[in-house]
Amino acid sequence: MDNILNILQKVRDGELEAAAAERELRALYYSDMGFALVDTHRRYRKGFAEAIYCPGKSAEQVTAIARELRRAGGGNILATRASGEIFAAVRDALPDAVYYPISRLILLPGEQRREQGNVLVVSAGTADWPVAEEALITARAMGCRAESLADVGVAGLHRLMAHIDLLQAARVVIVAAGMDGALPSVVAGLVPRPVIAVPTSVGYGANFQGLAPLLAMLNSCATGVTVVNIDNGFGAGYAAALINMNETTEQ
Amino acid sequence: MDNILNILQKVRDGELEAAAAERELRALYYSDMGFALVDTHRRYRKGFAEAIYCPGKSAEQVTAIARELRRAGGGNILATRASGEIFAAVRDALPDAVYYPISRLILLPGEQRREQGNVLVVSAGTADWPVAEEALITARAMGCRAESLADVGVAGLHRLMAHIDLLQAARVVIVAAGMDGALPSVVAGLVPRPVIAVPTSVGYGANFQGLAPLLAMLNSCATGVTVVNIDNGFGAGYAAALINMNETTEQ
Amino acid sequence: MDNILNILQKVRDGELEAAAAERELRALYYSDMGFALVDTHRRYRKGFAEAIYCPGKSAEQVTAIARELRRAGGGNILATRASGEIFAAVRDALPDAVYYPISRLILLPGEQRREQGNVLVVSAGTADWPVAEEALITARAMGCRAESLADVGVAGLHRLMAHIDLLQAARVVIVAAGMDGALPSVVAGLVPRPVIAVPTSVGYGANFQGLAPLLAMLNSCATGVTVVNIDNGFGAGYAAALINMNETTEQ
Amino acid sequence: MDNILNILQKVRDGELEAAAAERELRALYYSDMGFALVDTHRRYRKGFAEAIYCPGKSAEQVTAIARELRRAGGGNILATRASGEIFAAVRDALPDAVYYPISRLILLPGEQRREQGNVLVVSAGTADWPVAEEALITARAMGCRAESLADVGVAGLHRLMAHIDLLQAARVVIVAAGMDGALPSVVAGLVPRPVIAVPTSVGYGANFQGLAPLLAMLNSCATGVTVVNIDNGFGAGYAAALINMNETTEQ
Amino acid sequence: MDNILNILQKVRDGELEAAAAERELRALYYSDMGFALVDTHRRYRKGFAEAIYCPGKSAEQVTAIARELRRAGGGNILATRASGEIFAAVRDALPDAVYYPISRLILLPGEQRREQGNVLVVSAGTADWPVAEEALITARAMGCRAESLADVGVAGLHRLMAHIDLLQAARVVIVAAGMDGALPSVVAGLVPRPVIAVPTSVGYGANFQGLAPLLAMLNSCATGVTVVNIDNGFGAGYAAALINMNETTEQ
Amino acid sequence: MDNILNILQKVRDGELEAAAAERELRALYYSDMGFALVDTHRRYRKGFAEAIYCPGKSAEQVTAIARELRRAGGGNILATRASGEIFAAVRDALPDAVYYPISRLILLPGEQRREQGNVLVVSAGTADWPVAEEALITARAMGCRAESLADVGVAGLHRLMAHIDLLQAARVVIVAAGMDGALPSVVAGLVPRPVIAVPTSVGYGANFQGLAPLLAMLNSCATGVTVVNIDNGFGAGYAAALINMNETTEQ
Amino acid sequence: MDNILNILQKVRDGELEAAAAERELRALYYSDMGFALVDTHRRYRKGFAEAIYCPGKSAEQVTAIARELRRAGGGNILATRASGEIFAAVRDALPDAVYYPISRLILLPGEQRREQGNVLVVSAGTADWPVAEEALITARAMGCRAESLADVGVAGLHRLMAHIDLLQAARVVIVAAGMDGALPSVVAGLVPRPVIAVPTSVGYGANFQGLAPLLAMLNSCATGVTVVNIDNGFGAGYAAALINMNETTEQ
Amino acid sequence: MDNILNILQKVRDGELEAAAAERELRALYYSDMGFALVDTHRRYRKGFAEAIYCPGKSAEQVTAIARELRRAGGGNILATRASGEIFAAVRDALPDAVYYPISRLILLPGEQRREQGNVLVVSAGTADWPVAEEALITARAMGCRAESLADVGVAGLHRLMAHIDLLQAARVVIVAAGMDGALPSVVAGLVPRPVIAVPTSVGYGANFQGLAPLLAMLNSCATGVTVVNIDNGFGAGYAAALINMNETTEQ
């Protein structure tokens, strides 16, 4: 049950009481679950359902919100930074849930969409991969064709240069890097496309849990770079998907 | 004289000596000006000429680089954070230079392009306007159709809501805000498009010259937000232009 | 035994020795417990008993202070940031103690007061609830009528707008938010009442354990906002109660 | 011309054309001045007109906004952090404007209100006075009875104690302090009323332009303290006024 | 065996070989233990033996250094921040070792000295006590008469004022406080003696593990305050002892 | 006129009216100057008159406070961080005022005291001298015998070692250093006396206006070091004087 | 099999298929292991094989990379910050692996080189030893003659001075220090050689996990000091080796 | 007059009085100039004379120290961060002084040395040149053969790659970069030599005056990088010279 017309027709046809219809109409905007007001309207407003940020929520709360979002219909649903324990609870309730343990994402599959565009997710080192994977799965869950290129940090530039064709074929490039955060500048110097830089908390000492690459990326000497929060692979994947889908939704 | 073929034809036709031709071929990649190696190849690689960042350069240096970039041909050329004194020197050498004193941009007009897409630049307060204008002029100089909506801070949300149609019509939205940096989150909650947030240094005390809105924007609770450096209107305009042009260059 | 007159009358009536009376009179100001000088005078000076901040105190110390405060008489007594272990010890000694595990508050009920005024506690996300609950219970313990509105973050403004009547009916509004800390500015733009903003440590990366929303709230572009420490729901509830009770105690 | 009814009556009476009436009705919400959307509705929503934050605005812009706010009618209007140059421009246009050079406030007097309540503004040192004065004038401009007590820092507590009656008579206390920011804790330990702490940038070295007292105040060991931005006397005065007026507007 | 003369006499008397004597003479300056060069000369140079900072050292290393310092003779020896596990190992080797579990100090008693002077250790709250105790035991171990006054934070000033005679009798005052760090300023406003302020890491949120009281204390508006590192009770006790003993060692 | 007895005798002798006597008695505690409550009681409580912190005060205010402090009688009076302009105004009113332009101190000479004790002020580099001089003059103004040793930074340790006798003769050592702030640790390793470390803002880049030496000094690996605020020569001199005078005032 | 010529000869001799030869040639540049692109070319470009940074990699990944690097031939191979668990896995696969548990280094021995030059690793305290050892083993693994001098902090300078000959004999000096970070300045004041300073995270409170010594070292008042990241013993050892080998590789 | 033997011979030959000889012998270690103890011994200890850091010194002081250093004999003498005004004073006294206005260095030429080795100074952008030039002139003044390569930032990598032979020929590489500080990592990935990274304060906003590139460089993912203070071209040149000269002084 996913739009206003349906509800009104059911009222007209006597299939739905007025009071029930009112509840359903309100639920198109948000569902009051007591502990949360789930923004069920977001898929109409933003094109994608609300994602569930798991930290600070109990397994029961995550499960209940996931169930409610699915009830509200539509595409894939994501829960981010989910522990294995939370996934176990969600899977009990929604058996088709899929878990990505490295990036700690839960995916509740929705209706299939044709993959479009071309998002490339680049990571500087092996330790940056969990963040890069979060971006990759998010972009795919939002309907993007998306590939990855891992471990091409600037200490051995030839590894990046050997894949210049991948870089040039992308419509948007996500670059996840910790330590000195130098890779996005190098990539953005090579491609005529938007680059989304994701600082990771990989490093130690004066890295300050990702502050060093964050500042470096905000100060990139190359053009076309925008930045998301430290370790925010989800946010990078989401923004990349909006950019990647631009021309489709436009016309 | 702007491509390899031309140069080679002139050599073949005896119009150009080999040594001169070599210099010209190298200059397609960069021009060695003694104090600078101007990246004349950037327009081929990135789609737009190098912009000149004025702080730390003398008026003579800016003028010389500007002249060299124009000689290398192509579209509009921008010099950012230019003082009036620098503009005076540039205009003496290149009389068609245009100056935007509020955003301190110099524009050297190149060949006309048809404006495309739809970039919207939103600013929270009147004091944020110089940064917003820098984004606006940059996006236009890169060939975008671009409009602005000024002074719609969240302390009076109805001013933003009264222009919801402008927001929904945009392909990319740039939001410049100082103080609490709350506006990008509100805008991104309303539109299904990428939002580029530009923190400005407007504020005082615990604003720490734009740190407060920068952190707020990096932590936006709304999806689709990416961030550029404090007061970096140019970077926001540039990234928005790359996003805005996506479908055109794609096909 | 809770005031000077009582003590003096007992002395006059021969019910109390002079030495004992002196100890009791001193104890009206503070009780020397060896490890602590409990400020028993606070209820006269501030209108409410001292609250017990549990971190760094043993279960025995918390219990002893709680017992002493109750002995000193008067209204409700709160212990903040109490672990379950501490609560167990307190309940053994004072069986009517009540525990709020989410906000980790212990309430020792005192004499009933009529609830007054109207405090509204608003939280941006489900993960901010523990802090909001601490504010809510504190305000109620201090005699306020207090309600809450949870999960109305600015990424889906319609959830807030649907409860505009609740906002307008409040005499004081407490707003707890992590991440970008944008909600207090939006709320303060809508209501003609004092807004107490409580940054929470919800977030990651460049959130820096609540620094991002703290700075955003200190820089609010809306008027009437004051701020308390990160995660300080108790402090927000206390200040709101003082504001809420203003007219009552005034006359 | 200050309300909807008036406008509609003029239309009915033929005194106003429909198009002009529409402009006037919109202007009840905001006035589009090109460079600013003045929030003329704020006086209805918040009880007081928008204040003009001068930094980053030209003298012409401040003057135009001031004129527009006065046209929109109602009470006193404030412009904050105004230079003498800006005041000169404002006074040329609005000759009854008053300037407070120490706190850099411009006051445009509106209709008189009876002063109510009792706000006390306390400052720790002589150097904190400009911030304290900004709070004092703001509170008075918003209709409060307000007094001040200057130079009572904790290095000589007897100066504060000698005025304990002033402290106890206040309904709200504003405390402005730089350096160690210790005064609000001491004051809040003595009074049963809300204390608004204003850190000032008075100090040097590890004061970090007011960071030291800001952090101290956010961590106050006394209850009932809330905090505003460094040097934000205006914000403190505004919040104090909302608190001070509570019971009046309530009944 | 503790001085040069003794060693030389033994050589003269044939009790000691030249090579052994050389080793002993060098050991008056430092003992090379392989993993450490124990500064056995410090007691001659500074008046007190080197204290052992335990973190980063194994139980075996602490024990060996303690044994060596005792072998080098003289007064009390302290090991700071010692875990119970380390104490167990030390006590096995040196059975008269004493442990203070709250302040995590180990004391190896040396030759008795007459207690002198008058050090007062003041703490703001019960949670600050471990740091205060470290200062107290250190000062006593260095031969000071030392007393303490706990839980006299500025939120209830009368508790401090009730002990004004203790304050006035002290030759040096140590003040340990977390949260807002306001107590040293108040104490230094009352006494004509040096005040050593010790910020503690007691607090949360914008306390930043003691940064807030550290900055407050460095910016004290009262004179005569000097500051040591956060939680550095040992350093405060040591400096206080040097100050307290001043006149004795002088004459 | 400087004590209670005098005032009372004058009343008894009919030389003073009761009302005038009351004003004079109050003025023993503080003088209400309108813009300041001068703490005239401080000389009784602390042993020295209040010092005048000039920043944020007008030349008229400084002069008036200076005059009032002198009227209240007693020893030397200091005004710190005074500009030449302020000194000119003070000297017009109080012609015996002395100015130290390097350390920006004004000294109003009071009754002579015999110099006592032995304070040594050490500075690391020539650029640290203004701060060292502020400490030196302050200590002397408070009655100390005080000497200085300039430009003995650790990059050339032999300069310090050549003056080991000066170091060993001191009762208190003040060490002013910028850059790496290493000198206090080296000095404290050599002397059995309290060392007061003064970080200076000498340096650049990652010095962060004195933060680097401040942190280094707070973390000194040598014992007996306490620290004052960056550039706070006055505070160091004051604390050193209190320490230096210890045994005198004791007996 | 370690160079291009070998591969080509095998192809010519029919020992290697063209496809296999291509894979081997590519592997001279990097090996694609799926999760990592191992930079096997680094030993040609930098003179030493890539080191494996273990955090964020699984034991399997570390083992696989180690095996691949050894397969690519050449000298010693290091894995840094390896847990005992990772070492166990590596040793199962490569039994000659050596583990240094204090510095958490794994060494895979390669072909022996003659030790050259003279690197001296100095540490300030016993707790700094793990970082110093990491530098020492790294320098030796890269072919340096290297010695160490531990526990010579500036609080007892005579320990350092007693080893002045060691200092003067070194070609490069590495100095690891936590707390105040003063030792590198003292050492650099004594030797005419490059000093590499390594701040360690040894300390507490305002040490901020090594920030204090990092800033001190960056601001060293002595010349010839360069700095690496906090606790980065590996980086210091690596850079020292490059410096130490300078004259050898030069000629 | 530059060594001990000379002085002693003159005494023996009756050319020098004992008292004068003593002064001259002491002056071999340092010269007491009242305001400074010039470390004339440094040239023996470090191989180069003390450099004069001009900020905080008067023109007279700089001149006097320069004169004294020259009197003490030996090689080139540098004064850093000298204003034009200071240079004018120095040149009046020492007419052969040379000024480099861009890097604000004064060079007092000493005896000529043969240039040795090969230092390469690389800068990322034109605005970084002043810092790079300071490094270049310093290295040359210390006897190095030194070249530069300017404006090869990573946004146009081909400019760097076109000069790979310069990079490979260097014995030490200095890399000065502001903004994202990415260039040292890229350079260190390409060369088998020590790389000294110099962060510059070029940038704005979240660059925080060079903090961003400083942190990036400390976290370099490439090996062989050490770092000096922000804008410390002198320090980089000095350290590079020590490294560059290694083999010479070794043999």
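Per-chain numbering from 1; labels A, B, C, D, E, F, G and H assigned in written order.
The criterion applied here is as follows: a contact is a pair of C-beta atoms (placed from the backbone, for glycine too) under 8 Å apart; a residue touches a chain by one contact, two chains touch by 3 or more.
Computed from a predicted model, the values in this text were never measured in an experiment.
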item: Third chains touching both chain D and chain C; value: B, E
item: Duplicate of the G-H contact set - from B-D, A-H or C-D, the pair where over half of the pairs recur; value: C-D
item: Angular offset of chain B relative to chain D [C-alpha, multiple of 5 degrees]; value: 90
item: Chain pair showing more contacts of the two, A-H and F-H; value: A-H
item: Mean-CA-position distance for chain C and chain A (Å); value: 38
item: Averaged-CA centre spacing for the pair chain F and chain A, given as whole angstrom; value: 60
item: Separation of mean Cα positions, chain G and chain C [Å, integer]; value: 54
item: Contacts with two or more other chains, residues of chain A listed in rising order; value: 45, 125, 155-156, 189-190, 205-207, 211, 214, 218-219, 223, 229-230
item: Inter-chain touch pairs (all); value: A-B, A-C, A-G, A-H, B-C, B-D, B-H, C-D, C-E, D-E, D-F, E-F, E-G, F-G, F-H, G-H
item: Complex interface listing, chain D residues touching chain E; value: 124-125, 153-157, 178-182, 185-186, 188-190, 203, 205-208, 211-213, 215-223
item: In the complex, chain C residues that touch chain D; value: 45-48, 51, 171, 189-194, 196, 214, 218-219, 223-230, 235-236, 238-239, 242-244, 246-251
item: Chain D-facing residues of chain B, complex; value: 125-130, 150-152, 155-156, 158-159, 162, 202, 204-207
item: Chain B residues touching chain H - in the complex, by the definition given at the top; value: 29-30, 35-37, 39, 41-42, 45, 50, 53, 55-57, 61, 199, 201, 209-211, 214, 229-232
